[in-house]
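In what follows, chain A forms one complex with chain B and a second complex with chain C.
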Partner chain A sequence: MLGTGLLKGLAVTAKNFVGSFHDPKRYTTVEYPEQPTKLPENYRNFPFLVFDGEQPIDGLRCVACKICEAECPPQCIYIIPDRDEKGRPTKKPKVFDLDVSVCMSCQICVEVCPFDAIKMDQHFEIATADRFNGLLLHREDLAKSDAYYHSIHPTEAAQVDEILAEAKRKAEAKAKPAAPAAPAAVKPPEPPAPAV
Partner chain B sequence: MTTAFTPTPSGAHVRAVHDPFHGDLLEISMGPHHPSTHGVFRMMVTLDGENVVKLKPVFGYLHRNHEKLGENTSYLGSMPYTDRLDYFCSMTNNWAYALAVEKLAGQPVPERAEYLRVILAELTRLLNHTCLAGFLLQDTGASGTPLMYAFREREKILDLFEALSGSRMMCNYQRFGGCRIDATPAWLAAVRGIVDGYGAFLDEYEELITGNEILLARTQNVGVLSPALAVSAGITGPMLRAAGVDYDLRKVDGYGLYPRFDFRVPLGAHGDTYDRYMVRMLEMRESIGILRQALAAIPDGPIMDPKAKIRGFRPKPGEAYGRIEGPKGEIGFYLISDGTPNPYRYRVRPPSLINLTVLEDLCLGHTLADAVIILGSIDIVLGEVDR
Partner chain C sequence: MSPAVWFGEVGASLLAMDWTPAIASKLAPTVFPTGQTESAFAERLPLLLRDAVTGSLPEPWRWLANSLIAIVAIIVIFASLFALLTLAERKILGRVQNRPGPNRTGWGGILQPLADGIKMLTKEDIVPAAADRLLHFLAPVVLLALSIVTFAVIPYGRHLVPVELDAAVLYFFAAGAATELAIFMAGWASRNKYSLLAAMRALAQLISYELPLLLAFVPVVMLAGSLATTGIVAAQGGWLGGVLPHWHVLTPPGFAGFVIFMIAALAESNRSPFDLPEAESELIAGHLTEYSGFKYALFFMAEYLGMCALSGMAVTLFLGGWHAPLAALEFIPSYVWFAVKLLALLLGFIWIRATFPRLRIDQLTRLAWKFLVPLALINLLTGGFWVLTTHWTGGMLVVRWAIALVLVVGPFLALGRQFQARYAPRTYRYA
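Let's turn to the complex of A and B:
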């Protein structure tokens, strides 16, 4: 009969309309600024720099190796390595600028960083009236503590801590046999600790 | 007076241009920002009364130099740009590109990663076809309701993508030799929940729309694409299958793990707009079947080949073409390597652009309002058309 399809469709609409007043599963609207949703752990926004300890700038893990600058597809990272009075590199960034108006949040800087120094943030409310300087983040704005990193990506941060501890153990194991070997071979180097 | 009437399949008539009694033809520029053009796309439509006698597509407003960028960026650096081709289907774009590079470098992929790719590609297909059904109804004038139903379901899949890859639409998830982040059991359980509920949504949506007399009147026999034209124009995807040509790369190429899954390829009989809509609805049901099989069989194991390189990736000189069956058609990447970190040539075969080439053939003789539906049923994304 002509019109049956129409009536069927209207019945579906009516069912949804009535249901929207009774079924809590259908309350889909979240009143955002007052009531923020919980972001998934993997959610990523713009990058930030992790620092260990209390001092944001001195504790930066970044060694200004410029790998992220080279790999960044839209080229939004700009680094100048710091040098001491004699002109030797101090393995710290003097300038670390990130233009978030160019950044496309692709996470490639995070993947290529060998020092786990740059990570993805979850802070997205960065709207500003100044489209040039307001969106150019300097190392002071980018430096965030390891504790903050743990609070936004707990699982990933725990894995990173394990990797860093493992690297430290390896570095120490490597340094140990070299140091005592020079005066006299007092005792053989200890076998490296088991991985887990 | 010349009255050369040319009957078309719909029964509409195209009148000869020189007609002193009916005056001049009317040329309308639809777009580049007309809401029904699905993006920054412009149709120069020549109308006789209400019927289209000539249609000239104008595109390129969203040109971003994608292929040249790909030649100046490292292999890994192009991966996030592929998200921005067809921004509804970033997962399948990623896969096609990863497949091309893996072919180029001879890189194997672990089994779990292949399963994840299939799961994500089929979720993308659900997402894309759901959106298409919503937008098509929007184009016919059903403003709001069906689109909101579709977007409600799309939101659930986007939440899954966000939980896995960190981003709703710009996933940047696949890597050469695997995937970036492993799926947790909780995530897989969430996918199972959505897949189990999706059949009910499709039933509801079909009850809402499929039998609707107005939809039937607007879409049946509108924009008929003949199989011969479809094949000679290089049309792929649901549009080709709606014309009745049995060609699905998942069956033809058998890439990934698709030979392991049991699914059917829905075919249309008339090639009209309604068939294009219906083929997609049926494909979604097949996708649900594939997802069920994949979720039941996904093994544990690594998601990344241990020999895969993230940084300093330099494949040997050579060329490769990787293609998969994307939701819109065959999405392919053609790469030539000269041994440097950047590809020598990086070429994209976008399904939307090639499917769009028959737009004028489909629209001739139909009314202007029908041209809008026909464009909607072709399913284009301008990010991919213009690149």
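Let's turn to the complex of A and C:
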């Protein structure tokens, strides 16, 4: 009969109207600034530096080897290694700058880092009134604790911990027998060089 | 004779005139055919408030002041209703679409209409260089004025009728139909071909739906035997066994008339699903293309006020006006009942907007000319039958209801079947 479809439609909207008041499945709005959403674990935007222990700068895993600086496709990383008074490198970065207005979130720095020192962050509220200095992150801004890393990427952080523990165990095993174990044996087997 | 002297003389003659009969007829206690008494204090409260303000004035001026107070009250009440209605509409549409709606301004969004008003007021008022400046300015003013004028004859309560006219229904629909002029004025004055075309489309729609709108309430006038809104409301007074009110919507021709009236009212007030004149998602804004700022807000206000006025008229004609639905509920003042019914109809408008998609222009006119107008014409016949058989009693009452129902349902089914057979099961090849 003519008009039954109209009544069915009215019933659907009425159901939605009533349901939005008591059914959280229907009412899915998240009021963002007041209710922060839980980001998915695999979400990433810009890199940060992981530190162990309590001291952000002293505990940095980064040894200023400059591999990430060399590999970074848009060249947004700038590193000056720290040196002691005799001019020997202290294996710490004196300057570690990252320009997030240039960074393209490709994660290559994370892939190439041999020390698991640089990881991808999830902090996206980086709007600033100063587009030059405000978007250039320094060592102090980039240093974030291992616990924070665990909170944003738990699975990945657990794997990293395993790898680091394994490396530490092997290093200790190497240190005990002292001479016989060659450095090559400690190193993980390297993948075959790609045929170029 | 200098103007001052002339005014003085006219004023003196006005004051000297004997106004008592006119005032007495206004203030005399109204006698209702159904025999209700005007006892309640709350019932007379608005009048008492008004008299408290104007009571000290001399007689002729008191009449003038009373009229002014009525005008101000109508404008203030319906303007704030307009503001609340925009908010309610957005909130309800949001909830239907499973989102909260505006909730940032004030407490849960209650100040949103205020923010919108400030925004509209502070926007730049742009008039196209080639536009007819006078008409461009007049169009929203005329539209709003005509929309407000229609509120004069609606009985808001037992004692709350701003103007008692003998042909009030005629006056109401004449003023309502004149708004079409203002819409065409807006399209023409903009000097924009799209505005003009849209205004012509709007005119085609509004004139098409004027016919079912007018035909739909004729059975009601026949039943009540009066064109005065007060008479029509009075005819719906009383209850059958204290439970079943004598509203026109509860008679077969009245019900059919109510449905046709509401569909036509949707189209007349440019509401979804008949909002083709300014289809937001398809046209720019139809005849409102060249309007900005406060003039645009005035158009919107006129649209909502027109919707309120048509709903108020539907309440008066079909839903028993200010009468309570049950005899036991009569202690609640009549104007509260009117407000409740009015709000219910307005919520119905919003519900319909939340549900139905917009019609195409050919579907729109087809619905009017091939469906609503024939049904409304047949409904005249039903109304005539119903009026002629008012004296039937006993077993003939069943026959009366049966014949009337057949007259209402039969044509609907027949026309609906034909309507559906030709157009309804649509197959979309490219969709």
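Criterion: the second predicted complex is superposed on the first by the 149 of 196 C-alpha atoms of A that agree within 3 Å, B and C clash if a C-alpha of one lies under 4 Å from a C-alpha of the other, contacts with A are read in each partner's own complex, and residues count from 1 in each chain.
Going forward, a residue touches a chain if its C-beta (ideal position, glycine included) is under 8 Å from a C-beta of that chain, and two chains touch if they have at least 3 such contacts.
Keep in mind the model is a prediction, meaning the values are calculated, not measured.
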item: Contacts of A:Ala158 with chain B and chain C, given as first, second, both or neither; value: neither
item: Partner chain(s) touched by A:Gly3 [first = chain B, second = chain C, both, neither]; value: both
item: First (chain B), second (chain C), both or neither touched by A:Thr29; value: second
item: If touched residues of chain A are counted for chain B and for chain C, the larger one; value: B
item: Which of chain B and chain C A:Ala14 touches, first, second, both or neither; value: second
item: First, second, both or neither for A:Ile80, with chain B first and chain C second; value: neither
item: Touched partner set for A:Arg44, first chain B, second chain C, both or neither; value: first
item: Touching partner for A:Val95 - first (chain B), second (chain C), both, neither; value: neither
item: Set of chain A residues, in rising order, touched by both chain B and chain C; value: 2-3, 6, 9, 12-13, 16, 28
item: Residues of chain C defined as touching chain A within the complex; value: 92, 95-100, 103, 351-352, 354-356, 412-413, 415-417, 419-420, 424
item: Touch list for chain A against partner chain B, complex; value: 2-6, 8-9, 11-13, 16, 28, 40-44, 67, 71-73, 104-108, 111-112, 120
item: Residue ranges of chain B in contact with chain A within the complex; value: 73-74, 76-81, 145, 149, 152, 155, 159, 162-167, 170, 172, 180-181, 204, 207-216, 310-311
item: In the complex with chain C, residue positions of chain A that touch it; value: 1-3, 6, 9-10, 12-14, 16-17, 19-21, 26-29, 31
